[in-house]
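Take a look at the structures below.
Each of the next two complexes has subunit A plus one other chain: subunit B in the first, subunit C in the second.
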Partner chain A sequence: MRILDAILIVIAGWLALGLAGIAVLRQTSLVARVLFPAGAVLGVALAGLALAALFSAPQTTVLALGLPDLPFHLRLDGLSAFFLLVIGATTVGISVFAAGYFRVGEGTPPGLLCLEYHLFLASMAMVVLADDAYAFMVMWETMALSSFFLVTTNHRVPAIREAGFLYLLIAHVGAIAILLCFGVLQANTGDYTFANMRAQSLPPLWASVAFLLATAGFGAKAGIVPLHVWLPEAHPAAPSPVSALMSAVMLKTAIYGVLRVGFDLLGAQQWWWGVMLLAIGLVSALYGVVFSAVQTDMKRLLAYSSIENIGLLFIGIGLGVLFNSYGMTALSALALTATLYHVIGHALFKSLLFLATGSVLHATGERSLGKLGGLMRHMPWVAWLSLVGVLASSGLPPFSGFVSEWLLLQSFLFTTGLPDSFLNMLIPVVAAGIALVAALAGYTMVKFFGVVFLGQPREPRLAHAHPASPLERAGLVWLGAGTLLLGLFPVPVIIAIDRVTQLLVGSGIADTVRAHGWLLLSPSTPERASYGPLVFLVVVSLAVLLAVALVRKLYHGRIRRAPPWDCGYPAQTARMQDTAEGFGQPIRQIFEPVFHMRRELPSPFDAKPSYRVTIEDHFWHWLYLPVAQLTERIGRLVGRLQQGRIAIYLLYSFVTLIVLLLVVTA
Partner chain B sequence: MSLLLAQSINLFAVVLLVLAFAMIAQRRILTLIHLFTLQGVALVAATLVVAHLTGQHHLYYSAAVTFALKVVLIPILLHRVIIRLNVRWDVETLFNIPTTMLLGIVLVIFAFNLAGPIARLSTSIAHGTLGIALACVLLSFLMMIVRAKAVPQVIGFLSMENGLFFAATAATSGMPMIVELGIAFDVLVGILILGVFMFQIREQFDSLDIRHLEKLKED
Partner chain C sequence: MSIGGILAQLLAIALALALAPLLTGWVNQWRAWLQNRRAPSLLQPYRVLHKLFNKESVVADTASPLFRIAPYIMFGCMALACGIAPTLSTDLPLAPAADAIALVGLFALARVFISLAAIDIGTAFGTLGARREMLVGFLAEPALLMVLFSASLITQSTSLAKIVETLTHQPFAIHPSLAVAGVAFTMVSLAENARVPVDNPTTHLELTMIHEALILEYSGRHLALVEWAASLKLFAYSCIGLALFVPWGIAEAGTPFAIVLAIPVLVAKLAVGGVLLALIETINAKKRLFLVPEFLTTAFLLAVLALLVHVLLGA
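Presenting the complex of A and B:
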């Protein structure tokens, strides 16, 4: 049996699990304890098969599904195999977690949730397998719809319905752009298979149109600025496993789309595409991280952090395009390796963090950072694993985030080789921007972890927070272990990614990397830059152990316990801790023009002083509200046709008929 | 003999047109139903003549279906409706009747102008009647627009279908049987739905005046 067929069987298995969910619609324990774990097993199978597919030749098949004479063409090549690997590996953790997470009373009955969830998984896997525009769009829309229903799981809450509709709207605007892009790509041949699109060579103007449409369409799904507004609404609205799945995996299908169209379907690239992606990416990354730093809702914080990471991915792709358009394929491969590394790294650590917020949410019923705190004592597993995710997200060694950001910055160091002096001067600005983003991301993550898990509980009921269930822990452990392994063993991962870059730009960095053994990662020459994560880990651990030992040895012997003067902290309460607002305040101050901020400051004479600050996106006022107003105005104009009288409606038909008849006679 | 028969088609056509005018002018609903029945009879007769002249057997069937539906079944249904709902008069039309008649004349002239070029191309025996058929359709449409009560509107709708049917018979010796059966069935279902609809309006507003439906509009 071929690998592709086996993968299709796994996908069919997911669908079957979903249908089984319908059969046991309201039996929560059956759905949670049997169907979701079974889905996780299939996820393992998918990851394994995808890994095998990564190292084998492309395979194609034709599924006689859909409309007559319009079958689904499927193709499994390195790029799709890599994204299938991401989907499979991430969903294992999420499905196991979901098995422990979904309970009675989440709005949608559990069986239906199971159907939507597995349909979502299957459609994402099929999106990356699709080899014609028709199959791609069908799967893309299935993905959008199933995730819409997942987002609106608690559909009785009006705010959640609104978030869902916003998501659906932007997803569909994006889908239209993608559809138009395919329309341009087929170059009037009427053949919508990707094989045909690859064979066409478009004139530069039309190629640019196609690329712009693809950027807009996939960007809407990925959440680039200014199409990002749905992300911070939809992610908090969805149940945590769903937010994890959307943020970690679904956003990556958009990255897949950009890579597929930009590198595979469109032949020659133009340098300014790369510059455009760099600009979009930098703006999104900065925007995302700055907003992330001032959020007070933990899931919104993570959603904005996803925007930031998507920005980084776009920067990586932009750099890849730029190098590739000047024929520097090896450097392009380096930039793309960094991007793909970040794809899988972000998929794992962001789902880990979202799931951790899910556990916190279930344990405390609280999503607002201002009411959490000190949870490390009550939920140590969740806290320690979150720490792994937080460190990876901040781009600290020895976790996955560091490797990808380091590789990305390494590839920036080579931009001086570009034959355009203008670019040579501008691109370091982007590199500096990335450094700023990384620093702010670290700041944000300190805030996230510190406020939720450290310090004292801000509400008395937090003392009764129960630890996460074993299944939830298992899911978190899987993702945390993945993050750690990705950070510790970058060389095998890069060798796997090499298959993808060979496919995309015909070059790779595996040979260079392999030359230095698996301990030391060096993308170019060891003199220039190298990184040994294991060595780092050993050294850091030793240093920490040494420090602890020294402190114990030298300091502890001299400790004196004496009450007389306690530094002005006789009664230390939770109110004295730094809050989420307080921690984010400097950022709010520095980046004030970026926010649309409304503040209510208490007057000095207020008996019950209250302080409130709401932070909104400028883009609502700049882009979305004007569009909405315009639509409403047009709607009102058209609404005048609606008189509510049958005679008038009949008159419309009558006049139309007469006019048409007149036209015919003329 | 056959020439006489061919002329008789024109006669029936004129009868249809005159009946259409009569329906526009008529405000009593009971008479309106009688006029509609008469129109059905004229239609059946015309269809039979065309069938005889062209020797197309399926036209006999469609004549039979038309007879059963438009001369027997639908008038009975309409009678029952007006008895059950107790409506006799259509109180006021939106325009007064002479104005409507004048508009009708304009429509007839328009229809004849329109049908002229088509009729010259047609080789059918009844090619001259296409204009009349079109005029019947437009007149019935006009009737639907100007009437304020639900029952006359339904009758207008049915009479429009008569005009269409006549156009099909006259200009192209009838539509394929399957299409005709489909239309007949549609008309039957339509009348049932409209019947239910009328009862519903009546329940809701205590009147069959469709102007009450304006309240349903969303502001």
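Presenting the complex of A and C:
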């Protein structure tokens, strides 16, 4: 049996699980204890098969689904195999967690939720397998719709319905752009298979149009600025496993789309495409991280952090396009390796963090950072595993986020002089931007972890927070272990990614990396640049252990517990800690023009003085509200035609006929 | 990797651990002299460390295990930082494990842990210190990275050892980009090591303190480790600065005699650097906290400028 067929069986298995969910619509325990774990097992199978597919030749098949004359063409090559690997590996953790997470009384009945969930998984896998525009669009829309229903699981809450609507709206604006892009790509041949699009050589103008449409369409799904507004609304609205799935996996299908269209179908020809992606990426990354730092809702904070990470991915792709357009394929491969490394790294640590917020939400019923705190004592598993995610997300060595950041910065430093001096000036500026984003991400993550898990509980009822269930823990452990391994053993991962970059730009860094052994990561020579995460960890741990042992041996290990000192101030309460607002205050002050801020300050005469600050996106006021108002105004004008009386409508028909007759006779 | 290299590596780390408090004592002594005070003994930091190690550690009731391991992690990070910064020799077996970017990451890792530990207790000053430390960090970290990048661009390498080797072997020339980067590096080092004009290492005035607020809850051996790690950080920064801007006198592979010679050279360079630091701290006033971001943004922009200068002039 071919790998592709086996993968299709796995996907069919997911669909079967979803349908089985319908059969046991309201039997929560059956859905949670049987169907979701089975989905996780299929996820393991998918990851394994995808890994095998990564190292074998491309396979194609035609499924006689869809319309009679229009079957689905499927193709499994390195790029799709890599993204299937990401989907498989990440969903294992999420499905196991979901088995312990979904309970009765969350709006949608559990069986239906199971169908939506597995349909979502299957459609994401099919999106990366599709080899013609028709199959791609059908799967893309299935993905959008199933995730819309998942976002609105708690559909009785109006705010959640609104968030779902916004998501659906932007997803469809994006889908239209993608559809138009495929229309341009088939170059009037009427053949919508990707093989045909690959064979066409479009004139530069039309190629650029197609690329712009693809960037807009996939960018809407990925959440690049200014199409990002749905992310911070939809992620908090959805149940945590769904937020994890959307942020960690679904956003990556958009990255897949950009890579597929930009490199595979269009060949990444024009240098300015790269510059455009660099600019979009840098703006998104900075915007995302600055907003993330001032959020007071933990899931919104993570959603903005996803925007930041998508920005970093776009920077990587932009750099890849830029180098490729000048024929520097080795550098392009380095930049793309960094991007793909970040794709899988972000998938793991962001789902870890989103799931951790889910556990916190279940344990406390609270999403607002201002009412959490001190949870490390009650939920140590969740806290320590989140710490892994937080450190990876901050891009700190020896965790996974650092490897991709390191590779990305190396590809900036390896630039040996592009033919254009303007571009040469641009490169250091973007590198500085990335460094700033990474440092700000550290700030944000310290705030997230510190406010949620450390300090004293800000509300008395947090003392009763219960630890996460064993299945929830198991899911978190899977993702945490993946994040750790990804940080410590970059070389095997890069050898796998090499298959993808060979496909995209015909070059890769695996040979040079392999030459230096698996301990040391070095994209060219160790004299130039090298990084050994395992050595790094071992040396730091050795130093720590030696310090512990020596201090104990030479001195003593006595410890005394006492109330906190705090400069001798006796009346400490939990309210005196920094809140999330307080911790974000320096960022609010430094980046003030970026925010649309409203402050309500107390006056001396208030009986109950209160302070409130709300932060909104400028883009609401600059882009979305004007468009909405315009639509409404046009709607109202058109509405004047609607008088609701049959005589008026007959008159319209009559006038139209007369006018048409006049036109015809003239 | 040779026996000589391993010995040189161990010697470098041991020397850093031993000399770091001395450097702090030296700076404190000069600061006192320049400010017309009677100076404490040069060995005072060692005495303080010894005293603190002997005392029992008082840990707050509300502390989680993170609070107790953070000083050790900070200490481990700084020990590795001193191991990969070329102090005596460029033949360092550890150097390939962490290049300049990883070094910046290492400092950031230590900062994140100590800030989390400060939040952990849940006191007003702890969280205040953590917030300010991260504020300084998120501007200083990219600036430091950009400074190291301008050296990397000149030498075509991000390995610190390789950078130093290349810089030493070049005919003497003042690189305009390195000159600009030097200014930025000085500013960053002042901020990162909690020195005037960004922070005052001797202050306990609540409104102004950054570093001291972070470690307010530590006592006994934990405080000793934090203090030792702080002086290691100063030592590491000084050595990086010396390696980038006055790289001469650092031994290379296969020259055991040169390592012996490198020790007095290093001590002499650090002595001069320490006096300069004391001088800077004496003639500057501490800035208001809200002026600190401006100071650090200047450093960051200077560092980016250094990169641009390199691209424009090719030097």
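As a convention for this text, the second predicted complex is superposed on the first by the 628 of 666 C-alpha atoms of A that agree within 3 Å, B and C clash if a C-alpha of one lies under 4 Å from a C-alpha of the other, contacts with A are read in each partner's own complex, and residues count from 1 in each chain.
Here, a residue touches a chain if its C-beta (ideal position, glycine included) is under 8 Å from a C-beta of that chain, and two chains touch if they have at least 3 such contacts.
None of the values given here were measured: they were computed from a predicted structure.
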Which of subunit B and subunit C A:E527 touches, first, second, both or neither: second
Which superposed partner A:Q642 touches (first subunit B, second subunit C, both, neither): first
Which of subunit B and subunit C A:L396 touches, first, second, both or neither: second
Partner with the higher number of touched subunit A residues, subunit C or subunit B: C
Which superposed partner A:T665 touches (first subunit B, second subunit C, both, neither): first
Residues of subunit A at both interfaces, subunit B in one complex, subunit C in the other: none
Contacting residues of subunit A [partner subunit B, same complex]: 642-647, 650-651, 653-654, 657-658, 661, 664-665
Residues of subunit C touching subunit A in the complex: 53-54, 56-62, 64, 66, 69, 72-73, 75-77, 79-80, 83, 94, 96-99, 101-102, 105-106, 108-109, 111-112, 115-116, 119-128, 130-132, 134-135, 137-139, 141-142, 145-146, 149, 152-153, 156-159, 162, 204, 206, 216-217, 219-221, 225, 290, 293, 300, 303-304, 307-308, 310-312
Residues of subunit A that touch subunit C when the two form their complex: 373-374, 376-377, 387, 391, 394-397, 402, 405-406, 409-410, 413, 424-425, 427-429, 431-432, 435-436, 438-440, 442-443, 445-447, 449-451, 454-456, 520, 522, 526-532, 535-536, 539-544, 547-548, 551, 554-556, 558-567, 569, 572, 574, 576-578, 582-583, 585-586, 589-590
Touching residues (chain side subunit B, partner subunit A) in the complex: 94, 110, 113-114, 117, 138, 141-142, 144-146, 148, 153, 210-211, 213-217
